[in-house]
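Each of the next two complexes has subunit A plus one other chain: subunit B in the first, subunit C in the second.
The block that comes next holds the complex of A and B.
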């Protein structure tokens, strides 16, 4: 892992929400590294902090949320040190984002062509309106929108969910960003459309060399589209590994539980594996490991101390005492 | 399967909705939500209904419970035609059929304590002699569904999504029904909670010989839970048969593509472009002539445009609506 091909890095990110009931540590010390042209998955259940990580990167956090610690490095520059003006120039240009709801993330009162060429005109000063229109039409063709010339002057409500998501992807790709963050891009879509969109994103990633951070709760989507995976739980990374490794040997009890609780396409009606209990309330986190109250393999030490990310021989990093040799040898 | 008792049957069931879209309230067209569905559900089995959004699977569920009046066709529950029932008789039949909805946040009354949510069907149908008996029944139901009875004086907002879904399952069980229509009961839940609810549904079925009609867009969940599966496209059944057989060897081209499209949690089995369905679902207001699927079907011939295929039994217990099968 030479640092020269690292395009994007999150270091020790902590995002907290200062609510009237107390401080909610939504993201608690997250490290993510993305290499050029790589697709990285961020998986977890709702409330684990995966979307908040993305919002912190884009600096779109809403009050009372704030990044309290950490660095977000794009090509070596810390985005957290940028002014608001500078950030405006980076968003949609160097880093772009696709949201889950294609229905609500497009402006209903402008035509889709208008919205896509706006992205070009905002970020590139010496482009004429005609050129911007041409480029918008080209990108529509690229993302597989039929009859792009005609569709240029169509409003979002006239398109289906799948087509709207294609428009969103087109808008995100039109300035050739170095990094694209996709927050549950296919969750609202049907499976046949989902397959089309994932394939499209994959193609664009290969052709244009854009790095992708794919945020999802769907392990199938991760297996289908990512190279490297981070598993998040209650604001922390629990396990990270190359995608094949992770699916072959899930090591953290949480990852293991997650993978075994999805029904398989080939089996039926045996009892499904379940992770007992519920996701912890971030206001009242357990003292030790955050997964400990739900973990089958919890030991005494798990209730007292928080484990670090331990590196294992086959390229995983696991936040679990089971993989700490000292702890396991001391027999606590 | 042959000598099993049919619990509910749909005969040429059709539902059309008029779309009102001009500002004068004039009808502009007809949405063909469900067209000519013929279906039998056996007692004690789980029938999965799958399809993409807008394919009419939820409408079908509601038609079967007679929550919607069909435009044409009949529903026969335990030998009785629901269309022909008087209101009073219908109320009695209603006890035997219940529904679980997708959104546990919207389907529980936020102003009722969960004790009263679960007790409501008992009150409506006068099933409990006294308040004490009511409470005892509710306690028992909640315990069965994995909610601690001491929580019964709390309000729905004090529970998580998974727990709320347990409460709505308890409510559905209150009248000891024979049939439960589950409309996407786990779609709003996280994976780790989803498996808990699926196991609960499985246990309850085994214990009470329940019949489920399980509506879902999630093909792996349907594979897991159902004995037979019914694949719908644009209001019509494409394929109907035993789940294991359909998943192993789908016959209708749409079923093939649908199963192919599911992203598998296995990076070794990534898909290429070749097996992907192109295009979008046609509008149910103006469905294509002949076979509804032909505009997306790579195998479509002239006959498919001219003539709508019938649902035929091609093998024992295997029904397919396609000219090519």
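The block that comes next holds the complex of A and C.
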């Protein structure tokens, strides 16, 4: 998969939190590959480590979290080997990020224009304040903020959540990054606004050729906006596939469960399907497969050994013994 | 913005009148006829009675209050019984000293307090943080008069570097400013620290970092401006209370300010002087709060709009 059009790659990333109760393996050996201009989804429940993967890439992990192993390659360069100052130059410039909380992600005491041109002035030293202002207004127009000249000098609290998220996207796109990480960008927004924001992001992705990593718990968002999907559970990738393939043919029992818990318009049911049990406590992980205690297809081997990612036909990779021929043939 | 400021000012006016009323009434309740205080114990009761009538002291309280209020608005706070001079003049003479003391002390407090708070917040839980917070706590806890006397002993008596009391040259201002400033700096440092620590947990700080801004700029540009909102309020209130007279410091260092004026009024039972200086001090406090509210609106755009 490391062909020349790969722009971003995470290899064997392990991020752990060193708490007083023990080591929490929030991200446990995650591999992700993103091609130029591609949109990749990272899906999972709350606490599965998807946001921590993003924060590891940005190197904005909070104490006591730390990346302990792995490589994060942007255009072939390992970000984990960069100094603090080099990372400052990369953040917001080559890799940018949008967050889940548009209502609180903007500084209340500065105008939105000021905050967007700050990103330009931070990374491009030869740009004058006037030019930065003009570019900020241009990006506001691009992300669909009405009356961008007027809005330039407006404070965040004067805008709705949807508009604030547009500002965040503008801020993330204004330096033409190679990669944009969007951590639940539409979770706090109405469904109608969600569709607009996703449309906008796809538009920008196509126009500017920016690769996107879309972090979400919402399979609908993935279906709408991604080319390739990784399903994450308890710090590990459980299944990965091109998006159509995954929806057509989910293989891992976890993915299957996730899809089944989406209500369908064509059926009428008394109760929604739910995956039984709870996300495991990362401090006390099961010995075998992490999904095993909640899996209705669990076998004996699942409680004892951790499965690898098995590659099947049609570009699918699944971390489940059901797809390991040797195991299945031996009948354990 | 203009609306907000006007509203604040309008709220201050009834507050000021209420304060004057309370001070006025409190001194009415105190026993003793001011005329007998003025004329001495051996005065003829008939004379006392006549003078009391002449001065209008037998009129109902509210009538006297109205008269006092109108005079006060014209800058006339009455005449001191003991010093036999207009109270407004006495306050006018004492106030510049208090102002000098307040400004120098406030400068010391801000110059020490804000950086100490910021450094403590950035270096949270390190030795430096503990040291700075300890230093602030000592400043808050030490009785001002004790710190003052200690400094007088070291810098004047032992080392002979600074004059021990009086308030004429800039050298006289150093010790009082430091003693008062240290006490106020402790509060500012601790408030700045806790406020900044709270602010640094906000989502927009994460956004600023994700933008690639240097950590020091994240703290100063995105953290501090937000964190200063409560600190500025505290600073303005402290400054107002310094302006209303620092009784201890003025007494120990022999500074003829508002504080000393009030104490001497109490000692000599000079009621009009006490009333005048107390009212003056409270006005300063109210004005200080008003200024704090207005400063607030410059820092916080949400308030500016109201």
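Details
Definition applied: the second predicted complex is superposed on the first by the 328 of 332 C-alpha atoms of A that agree within 3 Å, B and C clash if a C-alpha of one lies under 4 Å from a C-alpha of the other, contacts with A are read in each partner's own complex, and residues count from 1 in each chain.
Here, a contact is a pair of C-beta atoms (placed from the backbone, for glycine too) under 8 Å apart; a residue touches a chain by one contact, two chains touch by 3 or more.
Note that this is a predicted model, so its numbers are computed, not measured.
Set against each other, subunit B and subunit C touch different numbers of residues in subunit A, with B touching more. Of the two partner chains placed by the overlay, only subunit B lies in contact with A:194; subunit C stays clear of it. Legend: residue contacts after superposition of the two complexes on their common chain; A:220 is shown touching subunit B, with no touch to subunit C. Of the two partner chains placed by superposition, only subunit C is touched by A:89; subunit B is not. Once the two complexes are overlaid on the shared chain, A:265 sits against subunit B while remaining clear of subunit C.
Looking at the shared chain after the overlay, A:105 reaches subunit C, while subunit B stays out of its contact range. Legend: residue contacts after superposition of the two complexes on their common chain; A:274 is shown touching subunit B, with no touch to subunit C. Once chain A of one complex is fitted onto chain A of the other, the partner contacts of A:46 are limited to subunit B, with no touch recorded for subunit C. Touch criterion met: A:162 reaches subunit B, while subunit C stays clear of it.
In the complex of the two chains, the subunit A residues touching subunit C come out as 58, 60, 84-85, 87-93, 96-97, 99, 101, 104-110, 118-119, 122-123, 155, 157, 168, 171.
Per the touch definition, subunit C reaches subunit A in the complex via residues 202-204, 206-215, 222, 225-226, 299-302.
On the side of subunit B, the complex with subunit A involves touching residues 52-53, 160, 162-163, 190-196, 198-199, 202, 217, 219-221, 223-225, 243-244, 247, 257-271, 273, 276-278, 280-281. Interface residues of subunit A facing subunit B in the complex, by the touch rule stated above, are 45-46, 160, 162-163, 190-196, 198-199, 217-225, 243-244, 247, 257-259, 261-269, 271-275, 278-279.
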